[in-house]
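These are the structures, in structure tokens.
Next come two complexes, and both contain subunit A; in the first it sits with subunit B, in the second with subunit C.
== the complex of A and B ==
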């Protein structure tokens, strides 16, 4: 037992199955234009954007402990950057989406400098104020329609692809690729040494700090990275919508309340949570959308119930019951060279 | 003269913001809870007042006699039945539960009362004004509202430092475990704090409803105003919230005078400026 060297391993039996399944799902989804109709493609693309937004919020709140109710600031920023770049500077829409990312990260710097002075729930409301400021500023830009908003010019939309069908395929693949990239980046981040630091912060901030982790710096970086991703996804969302206005771009319900419910129901602080949560959320939405505001009321109630009785969400229940992880993120110590599968804790 | 008028109106509306802030500050002080549903509870109080005035035919200020106890009971029940289970070291449960509550109240009110805007009619008093000096006019109702805000904050101050309940609040705030050892039932103390917070909310809600139109969706903005007043004034300082509310009100009034689109923006920018220059607020008492 005490002989031999130990080495850290990420993969477990369940994560190997998980990665295979995720890979297969990705291929099936990439082929969706060949098996799905327009309606399905639209729905799937919308689902992808929510998976990406929820995963980014999960990184922020679940791992870095930065509970934000102001991520709509970056969704709206991305959307408005797309429209500004395309309409005012003649940039290609796809290039505009890619430019929105770095600008989002850049804008996150002064925002973070300011609101990191607030702690806990006050930080949350501070992010909200920033989003409100963004919304009010956007409604002052008369070149982009001011308070009533603006549509993407038809010429730009038509120039994207030779036919309407091809354009729809293009945006669908774009949504899939961007969401895949966001998820991939988050997994890569969590598997790196910074990811280990983040997981430590998630589990106990004080203990993480006493082990020499520069908590503030890591949080700052995570905030910037989420700003990057969220602005990019925001630009994508409004390329799909083709119309933007301050109220839709900076909507706290659409881009934050739903995203929080998704993450909490799926399982906060776990990478699988937002994916499970989005699936549940959309299933509920398809089933209950006719109820209107009652549906939102029920979502609020479900989130409260989950928070009180299953604070780790649906995936948390599954992971703890069966010891599963869909992606190889946890570290297990194993005896080298004999690589036996331990069933226990890291 | 015009600017003096503008600033004066800003100061008076600041009293309303201070009442939004006082309830928020109170429960944060006692149990470190930030109630995201605070603004929606203000709107709920306005609708309760609407029902009371319609059912009994009384004027809004008299309806306070019923609205305040109703809201206080809701607050006590809410804390005992729900929010006490969320308190602990983790920030997320109270945040998410009050966030869920906010969505529930908003959409519940939408179901019951539709999205139409409503207003409480206070009669002739609404338009009564008097001239303080040449060219400077003050409305009677805004003045009453400001006086009530000062009275509410003075009352909370006396309650905190001169009564047994206030002593229990301060003890629980300082150290929950020791307070429990001394025989305080902290669940009851927390519930009393929430009841008191909602009593203040009730007063704020009625004045809001007399002053402007309201609909189920305006809660979050009231939460933000209250929060900004708390941070500007400094965490944990009741008189600070009054100063914070006044600064917010005056900034908004000045912004609106320059350009109607800048009213809210000016208030937010004043808040962000304070945050940049003096993040602990003007008169801090506890560290957040």
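== the complex of A and C ==
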């Protein structure tokens, strides 16, 4: 194995702390069934799905510059795939969630071919139109309840686990595992060669192109990957809800507006942003839930304040001021220490 | 000998403004060419057309005997055409080191780890070694210009298009830049250099072209071109400090 004078290191002091904290949090969360009540588990599972959705949207809009307001197309697609596979083809719900991923990626191919012809605001509107088309199509499927929707049959739900409590544990762990997998996959992607290209595209598309990066191809790949992840999370969300209808499945408010809010206040174009954003979003939601529609106004006010005072989001503000990164993504040039070279002689 | 890079009868207009009017340009292998001209003469547009970020209305771009008029920028970069941007365009959220790694790895189509040594050396040559792990967005204008050059060189170009890299440099920095560019050229890289800092240009190029109103109005030996009546006229009597 040949090794040069120099090598690159990803980890920094702050990222070592970050990874340790994230690892510890993951363990605490994995043990939640032993310390939390039903309400807590349900809330946490919902939080996980939003972390995953926002992280995927961040990859799409924050890194690849594809500002989609139509990711509800894939959330709904995943949800409907779950119900179709379970009800019509007798597939186990968990298997259905895993199948929803690849189908989501496949569906993303023709959608991308169509909407990639559009730029900027037209692209955004195009994605929304696609999601609306999906909604209308879903409402035409009478076997899945047409416009009024359908519930997951009680027999299927009961068959998932021996008791209600175990089933709730199972869905909770599933949500944690899937979100962990989505985040892990995003980190792995960003640390890879593709991630280097993607980060360059995030910072400057023209320069990326002029330096040999096939921008269109990378965007296409990212669109497919987010289609994969979003459909899977969509299936999970509706396994937790146990009921689906075109309006809830393809809701621009739930699956796009909130997700954009989360990503923007947390810090777009940074992997930590959506996690911070989701925490803030749910804290606000829990604190303001009793205020009725005033709660949405307050959310809007928070969004405006953050956008004015910290246009790069809360994590963006922190990261730029202190140079922190919670996850080891950046490459730091270091002189390769001679003694640690593989096969190196002292 | 066939030119390495040639623009053939290139025309381009933005609305009513003609920025290139049947322009012909031929760069020989190993040559260093300078282009001057007043603001708005169409200099940067020519670079855009050569590098593939601007599509010409008419004409062809030939590189190493191949018609590349319809090739996207990334493919041209991989073939060996590198450019620096007049307004530096760093990947501002990435480190200086990552900036050059991107260019080296993707233009060369090679594994990331295989370019680390070359990139570190390049940063050293361009005076950025001590800032390798700094965020590119936090650099001063001078360092951004250095990075612009380092990144273009990282692509291992056959042709280097330099767009006003000397502006704003001190006398000393400018001399260092000229040395670096001469050095790059000695390594076999052909150069087209757009520059307002005429004395820097004259120190490094073999041939000088004057672009005005989308046409080349003078061409030839740098020192005689700079004294030509055409140049005196378009610069309205501003004496060249050659």
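Note that in this section the second predicted complex is superposed on the first by the 333 of 346 C-alpha atoms of A that agree within 3 Å, B and C clash if a C-alpha of one lies under 4 Å from a C-alpha of the other, contacts with A are read in each partner's own complex, and residues count from 1 in each chain.
Quick note on the criterion: a contact is a pair of C-beta atoms (placed from the backbone, for glycine too) under 8 Å apart; a residue touches a chain by one contact, two chains touch by 3 or more.
For clarity, every value in this text was computed on a predicted model and none was experimentally measured.
Novice: With the two complexes overlaid on their shared chain, look at subunit A and say whether subunit B and subunit C clash or fit.
Specialist: The answer is fit.
Novice: Scan A:203 for contacts with subunit B and subunit C and give back first, second, both or neither.
Specialist: So A:203 only meets subunit C here.
Novice: Going by the contact rule set out at the top, does A:235 touch subunit B (first), subunit C (second), both, or neither?
Specialist: Neither partner.
Novice: Just to be sure I read the superposition right, which of the two partners does A:214 touch: subunit B = first, subunit C = second, or both, or neither?
Specialist: After superposition on chain A, A:214 lies in contact with subunit C alone.
Novice: On the superposed three-chain arrangement, identify whether subunit B or subunit C touches more subunit A residues.
Specialist: Of the two chains, more subunit A residues are contacted by B.
Novice: Touching A:105, do we find subunit B (first), subunit C (second), both, or neither?
Specialist: neither
Novice: Mind working out whether A:67 is in touch with subunit B, subunit C, both or neither, as first, second, both or neither?
Specialist: After superposing on A, A:67 lies in contact with subunit B but is clear of subunit C.
Novice: Quick one: smallest Cα-Cα gap between subunit B and subunit C in the superposed arrangement, Å?
Specialist: Taking the overlay as described at the top, subunit B lies 8 Å from subunit C at its nearest C-alpha.
Novice: Mind pulling up the subunit B residues that touch subunit A in the complex?
Specialist: 33-34, 36, 82, 85-86, 90-97, 99-104, 106-108, 110-111, 220, 223-224, 227-228, 231, 261, 264-265, 268-269, 271-272, 275-276, 279, 288
Novice: Using the touch definition from the top, list the residues of subunit C that touch subunit A in their complex.
Specialist: 51, 53, 72-74, 77-78, 82-83, 85, 89-95, 97-98, 101-103, 105-109, 111-113, 116-117, 119-120, 123, 132-133, 135, 151, 155
Novice: For subunit A, which residues count as touching subunit C in their complex?
Specialist: So the residues of subunit A touching subunit C come out as 4-8, 193, 196-197, 199-200, 202-204, 206-215, 269, 323, 330-333.
Novice: Note which residues of subunit A are touching subunit B in the complex, please.
Specialist: Subunit A residues touching subunit B: 61, 65, 67, 69, 114-115, 117-122, 124-126, 128-130, 132-133, 136-137, 139-140, 147, 252, 257, 260-261, 264, 268, 293-294, 296-297, 299-301, 303-304, 307-308, 311.
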